[in-house]
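Two complexes, one shared chain (chain A), two partners (chain B, chain C).
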Partner chain A sequence: MGDESKNSSEEPSQVNQDELILAQQRQIEKEISESIPLVGEMEPISSLNSEYANDEVYLEKIKDLSSKYKHIRRTRPDGNCFFRAYSYAGLERLLDKKDEFNAFYKQAEESKDALVQLGFQQFTVEDFYDIYMEVLKRVGDLTDVDDAKKTLHFLFNEQGYSDYMVVYLRLLTSGQLQKDQDFYSCFIEGDRTVADFCHQEVEPMYKESDHIHIIAACAALNMGVRVVYMDRGNNKSVTEHDFPEGCTPLVHLLYRPGHYDILYP
Partner chain B sequence: MAGLSPSERRLQKELMSLMKEPPPGVEVDFDLAEQNLLHWIINMEGAAGTLYEGERFQLQFKFSNKYPFDSPEVTFVGNNIPVHPHIYSNGHICLSILTDDWSPALSVQSVCLSIVSMLSSCKEKQRPPDNAFYVKTCNKNPKKTKWWYHDDSV
Partner chain C sequence: MSLENKYNLKSPGVKRLMREARELAEPTEEYFAHPLEDNLFEWHFTVRGPPSTEFEGGFYHGRILLPSQYPMQPPNIILLTPNGRFEVNKKICLSISGHHPESWQPSWSIRTALLALIAFMPTPAAGTIGSLDYTPEERQILAKKSINWECQICGKIAETLSSQSKSSNITQEEASLIQQIALKAEEDANRKEKSADKKEDSDETNVRQRVTINTPSAETINEPITDVIMETEVSINPSTVDQVFNVVVWVIVFVIVLLIGRRFFLLE
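Moving on, here comes the complex of A and B:
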């Protein structure tokens, strides 16, 4: 269980290099965090142009993207963006479909016991579950859809709620991976077990999401997503991938290397 | 539990659970934790059949008001620091769940279990190879050390 250790600064000096690196890292994180809301406002797709002023490859792809989508909603790039974007966008869409929202709510209510049965500690899961259900209830109880969406946006920008939503979705994703570990083990590189992978790459905050996280999250919430990839690749159009394959996606996300934002058709 | 912050509420729950169902060989100083929920001392016994059988250790847990999003600061304190390849003589512990792999789903109990297991799997009592240098240069807070995790076997 333990880990062999090695302190990284090899030469004694007045200044501890480790601390400088960590301090700088914290400063960068703080700057990012202060400049970008956890979940931003809806903006036109053309707002992407300013990020790539002289970049023909990207400008061409933004043109293609704008033929398929009208709006984008940015999320904070803090490693939690997939989980935050996916659950926000999913709930936002469900608010338009009362029946589906109710089914989703019922499924969420039953999710805590399933996690505890998988071996998660009751009191650690409970905190996150309680807040998760509180958010679902607060937005679900509002009869006016616009009010509900405003409340959702407000709560997702309150760290005390937003991060709890992220953690709970991370736990549900981890639970899904461990429940179907025979299936997921073939996606994991190296000799890590599915449980190791969950403890190291899924459950901790700020760890970025890969395909395997997305597949498991979609299975856990039973909610399909289309991810639209936009990168420096040679083709002129953006590429799309649905999870699970062949689904009618409820949520649309834009992926640029290292980051997810929400898209609106 | 009105008037408690979310981190205190969570710690209160953990404290109760640790009192009610402590893992074998682990005992929390309840009165101390009651006085200040952000600072706990945990007494730990070396497990039978391991190199640490019969020894007693003390672990100190310090929590920030961002717990459980922030990991606790965990060190061995007192006059018996276990001699172990991942434990420095100043009580600092090199264990990935205390920094990089911390998750809000972990708890004081799961940290204690990991440390018990780390001690139990030890085959030879010795300090980390860079002990002297580390102890001289490190920050008081082990969370400020940039750890490199190599080996999961001990």
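Moving on, here comes the complex of A and C:
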């Protein structure tokens, strides 16, 4: 016993609060990631009801939501959900429209040089670009649309590929913000420059997305999105917002505070 | 056995490390890094002490541990050569190393980490994890000694770097990147404080309850730590004293809770 207490009193210098917090945070992240797939299966809107069993405000809104949408596809809430949901849903829709897919593919092919010109490191941008194009090619080459969608679903649930898609979309978003920085700088609070903002809030993984990320991502991919907001607000219906305003959205996302999932009309 | 056969080459993380290994295959004058023969996820590196600093003439060797999620998660750097700036055999605290994963960007690389390490050596230690605050004279002595330092795996490390004045071509964008990394360390200090504050309430109540039950042991533990605080205070400038002090106080509170908790379990 004496020895043991001696050991424990030597420990203070070894234990560090920062590390403990991070360790705990990592544990929580790990638990989340083990319980929810990166991109889930399609489920009926009514599956939301069970999450809000005794919550009148939400139940009312889910009713409103189900009058507009039939299905929901959940994504892992890891801070990357907007980017993952947006790129998955976008590609899934494009697979139904071969011409638009080809145009999208061509635009993606040219995106790397644009990023390098903006000053991104060629060496690492290339790494993400290669995987991004590999995924587009693998799903695009399949003539059977159902096969292509299955492959897309498979790749988006392979951590390696899925995260690389997120990183590249983050880089494209960052590139868009920096290209049009005169415009975007008005939306950034504090005295951060657009470049600072990109390095701190856009490029690192697991950083959550705000309006400014969405606007820039849509501009970068030239693909509109409708975000349906569902929160505890007083109105009985869900509110919708299209990015960019007035577009015909290709992708529909459900936003609940802190998280995005995919919606299907 | 070659690495090519051992790993799943389709995995983006493996592809990426192979690519980095190819890029860094040639030693430069400032740094050299290579994966171990039998493990792509552990690298050894050597950096030259930055010129016009107390590390000039020194060669510093260490390990880079890559998480399985690399490049989504940052690499960990461990120095092996005594240098007077970073503790050896301990994961060191650059803002891009594993202690602050939230500021790491997947588009950074092992090369970025090495350049940042070199740029960081002459900066003040400021009481961060794994930092040492040796005098310039002590560091110069260590730098001289390091020339004969040998790694069990890599041999005499002073010979691993290129001796020709072949520059590693730090591009403009990399130079600004390294600066940005240095700036981030300060921000992280602020953030650290914030997260410490958040924990305040719950920790404090715990501590109060337990301290009243077990006061003697809490006091004995407090003593050695106060000494540490004094030392750090002397070495850093006044503007960061408050921040560091706050952080240290919460570290102590946390440690006390931990130890007392531990003691309870041991007694039972």
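Note that in this section the second predicted complex is superposed on the first by the 249 of 265 C-alpha atoms of A that agree within 3 Å, B and C clash if a C-alpha of one lies under 4 Å from a C-alpha of the other, contacts with A are read in each partner's own complex, and residues count from 1 in each chain.
Everything that follows uses one rule, which is that a residue touches a chain if its C-beta (ideal position, glycine included) is under 8 Å from a C-beta of that chain, and two chains touch if they have at least 3 such contacts.
These numbers were taken from a predicted model, which means no experiment stands behind them.
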Contacts of A:Y161 with chain B and chain C, given as first, second, both or neither: second
Which superposed partner A:L171 touches (first chain B, second chain C, both, neither): both
Touching partner for A:E19 - first (chain B), second (chain C), both, neither: both
Partner chain(s) touched by A:F123 [first = chain B, second = chain C, both, neither]: both
Contacts of A:G233 with chain B and chain C, given as first, second, both or neither: neither
Touching partner for A:P204 - first (chain B), second (chain C), both, neither: both
Chain A residues contacted in one complex by chain B, in the other by chain C: 1, 4-5, 8-9, 12, 16, 18-19, 21-22, 120-121, 123-125, 127-128, 160, 163, 167, 171, 199-200, 203-205
List of chain B residues in touch with chain A within their complex: 6, 9-10, 13-14, 17, 68-69, 84-86, 94-97, 100-107, 109-110, 114, 117-118, 121-122, 128-130, 133-134, 136-139, 144-152, 154
Sites on chain C touched by chain A in the complex: 11-13, 15-16, 19, 23, 69, 71-72, 99, 101-109, 111, 129, 171, 173-174, 177, 180, 192, 195-196, 199, 220-221, 224-225, 228, 247, 250-252, 254-255, 258-259, 262-263, 266
Residues of chain A defined as touching chain C within the complex: 1, 4-5, 8-9, 11-13, 15-22, 119-121, 123-125, 127-128, 131, 159-161, 163-164, 167, 171, 199-200, 203-207
List of chain A residues in touch with chain B within their complex: 1-9, 12, 16, 18-19, 21-22, 120-121, 123-128, 160, 163, 167, 170-171, 174, 199-200, 203-205
